[in-house]
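Labels for the chains are A, B, C and D, by order of writing; each one numbers its residues from 1.
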């Protein structure tokens, strides 16, 4: 008789346990109970989020591919596969290895789809760097990403990092990986064909992360000693060999299906591959290569040892596959075969330890969670802008913003990442989006990850829309057309209605914005229970977006190129400050409503920039985001180290307050520079799309000077700006 | 002066891919009979102090605070007078 | 002329070198698996960058025992051209084909960025297309590029003009500020006494196409090609 | 079985930035009296063998060939029966 404490500690409730009894028509074995507990957890089964994930559009301009574990789009004869995933809780406990194994896991999702991983990005959130542990986390996470990513040979080409108190006690580590394959060569994560063999490949199995999946992913995380999981040490070297061996094995045509062993290793891979293939499967776990002795069957089934995969191989071709893996000094062992009764049958030396219909494992219960608008929101949304004093010294204000860790240069981070290996990186980190050429074609991909979670906190629906709009804007600034999204949805405890309200609203926001821009969401990941004893994190639906550049010669970057060029502002600045970095850093307030967003205006501005770049009229393009127009202009001046230059801005449209115009974060704005002859042509394009257009100044000189009539608001030597912006992060970290 | 040797090793329950790879390398060089190879750190500290007892306490503290990551590592040390 | 790119488990710039030779230099090239016990018919062996054996224990330490390394050794003895880039350089040091050793970067971090290097000599098979003192813009990406050799070793290197590249500033100043990793005497690349084995930390294959931000690295590939076949 | 602890340290003549960094970090945590901090490696090998003398010779060989780089490193070891 299974005691309620037992199934409850595995994360199953009374109803779920009753359901298991109904399915099996008997008591579950320990192995079976463990299997249900992970498959029915939020992490594997999406029990609480699934109803809302349905809102997301699946189709767009480019043909989309939705696979079992990842998704992508078709670009000519190539499939571009990508996905983002979180590794928040393990990273909070052990930042280096937590982040490292996070990188390893998402890369496996990509190459098991048959695509060679060509780049990764990361989206990170930490509490304030004034706290020692947060500094330790940032250092550790970056160290883990560089340790794994550099060794495995996948360039880390971009990402984003924000700091906010809500992440103290629960940092976020989201990693996105992109891969490319010939579209005819994709692999599926399914087992089909009676009698075909099931092979285990990769590292051996130990007692790593046992129970980690359900315990870590479905309980509120508390920083207590006893819940600390057996942390795993990532092995990027083995993963690198696995990439090569897997791609070689897939090329033989003898692989029917393949799946990464991620959360709940063999349990997930066996039941999900069988279920996806409408088959059954019989494996004997006595044959699983192990590195620890006396492991219980359920321990083998639940182990989350890294760098392992399950492969369904055409009968009679097992030796060929084994030969390839052993060439790379990797295990490859037949552990079972595909059956036709729809049952996953797990044996241990011939004795049955679990026997469950595959579908009953994968068809987890789905819950409609109650939601309710948080009480504090109305109060927070009220911001009387007249009570905010305008700065006395605009120079100091700008410098302060440029040295805020969320805004300053992330060079200290990305110079630790190999962002050039594979020789595709045509735009290196440090511009709005990174650009990767597609070898053998004229095309390139642009990639970015974005989410302002403060906006999402103040207004989840609009904040999520802005995340989508900003990602698309970043791609457009690099010369690309936005093509598809992967998301990583980080929220608090879904059982609390106010948290779930944030989730629901963000989902609606992403769905509506993606539909408007005709961009599908092809893959993603949900991470709930991101809480510390002080409360939930700001809702953080990180958006990873891919764009396509049809002509690699038409790539654009954010920094000014030449002196004496015209500077144009597309879009217009509103008198708003809600949720801005300025309000937080200068006035210590997290308040107001998220910036307004008019999707049609956003589209007009993006189309104008896109057309100008495509026609070769723009020398640079940079969108306005955190810190507003003044920060954007400063970045245009300084973000190419080899060629910094000043600018003279003397024709801004100051309709109201000066601080809103300079530091407000109105959406749908892009700064373009161009030569004198092109300005008229760009104006014509803007008129055609009905996008606000204004010439605001010229490039050149040694200072960034911004004036309003005769009144000089900002006048700073470029060197000074560069110093502040470049060195802030490092000095905060080593403080 | 005191010479302290601090040995920092991965906990037994934590896998050590580096150790495994070195084991394979040694085996392919012809060394058999290897049961296990694990890699750790050795931190040597020279202290301008004579008080062994006090040093012991200090070193314990240093290990916990900075030198070892107790989530995945164990440590031990030896103190010698020089 | 034929190029061979050696593939160790964990090499990750093998495909980049292959691509550069085949698609940019447009010369025949093949991969050579590290377990091979015979070296194919080649004129130049490239030991690529990456993390052979994960850089576990010490960078290059395990790879140098690969069966193929015996053949590389023999090939080098007979005057064949060998170029080790980044991890390839580290392997050549471990194998004793070049003198010295690599320590961790002084700042204890992996560093990936464009740097400038000065071509100290163009009288080598690998730099004959450069002018003497030419400054090349070329990226580095490594954890252990802090070159070390003892005093007498350094003296020998200098006397024999074996130092081929030194880190420098954009305008050629060789000093502490232009030294990214703490390498002794700003050394970025050295050659053996016989002048046929070169090791360098920067990645010429990452800077051989305009689209990647610099074509300066391509001078090294062109130099090798010109040396092997003066007619082209 | 024999348990071998191998200590691999940077030669005295080679500077050790990692040791220096740790020294600074310890000092900023308030630990004074630190003369020097150096970081090395600890490789632990468990041998399926009883013959200490033979083991000693083997370990010496392993260190010279693979485990230590004698241009920059020194090594020493201890063998214990277990």
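The rule we apply is simple: a residue touches a chain if its C-beta (ideal position, glycine included) is under 8 Å from a C-beta of that chain, and two chains touch if they have at least 3 such contacts.
Everything numeric in this text was worked out from a predicted model, so none of it was measured.
Looking at chain A and chain B, the chains that touch each of them are C. Compared on C-beta pairs in contact, C-D and B-C come out with C-D as the pair having more. Mean C-alpha positions place chain A and chain D at a centre distance of 41 Å.
Taking each chain's centre as the mean of its C-alpha atoms, chain C lies 30 Å from chain D.
Distance from the chain A centre to the chain C centre is 36 Å, each centre being the mean of its Cα atoms. The multi-chain contact residues of chain C, meaning those touching 2 or more other chains, are 53-54, 56-57, 62, 65.
In chain B, the residues that reach two or more other chains under the touch definition are 17, 21-22, 25, 29, 39. Residue numbers of chain A whose C-beta contacts span two or more other chains: 235, 237-238, 329. Taken chain by chain, the contacts fit none of the simple shapes, being neither an open path, a ring, a star, nor a full set of pairwise contacts. The part of chain C that touches chain B in the complex is made up of residues 53-54, 56-57, 62, 65. Within the complex formed with chain D, the residues of chain B that make contact are 1, 5, 7-9, 19, 22, 25-26, 29, 31, 33-49, 58, 62, 65-67. Those residues of chain D that touch chain C in the complex are listed here as 10, 13-14, 17-18, 21, 66-67, 69, 71-72.
Considering their complex, residues 9-10, 12-13, 15-16, 19-20, 35, 49-51, 53-56, 109-113, 139, 141, 143, 170, 203, 205-206, 209, 211-213 of chain C touch chain A. Those residues of chain A that touch chain C in the shared complex are 146, 150-153, 235-238, 240-241, 327-329, 414-423, 425-426, 428, 437, 439, 552, 642.
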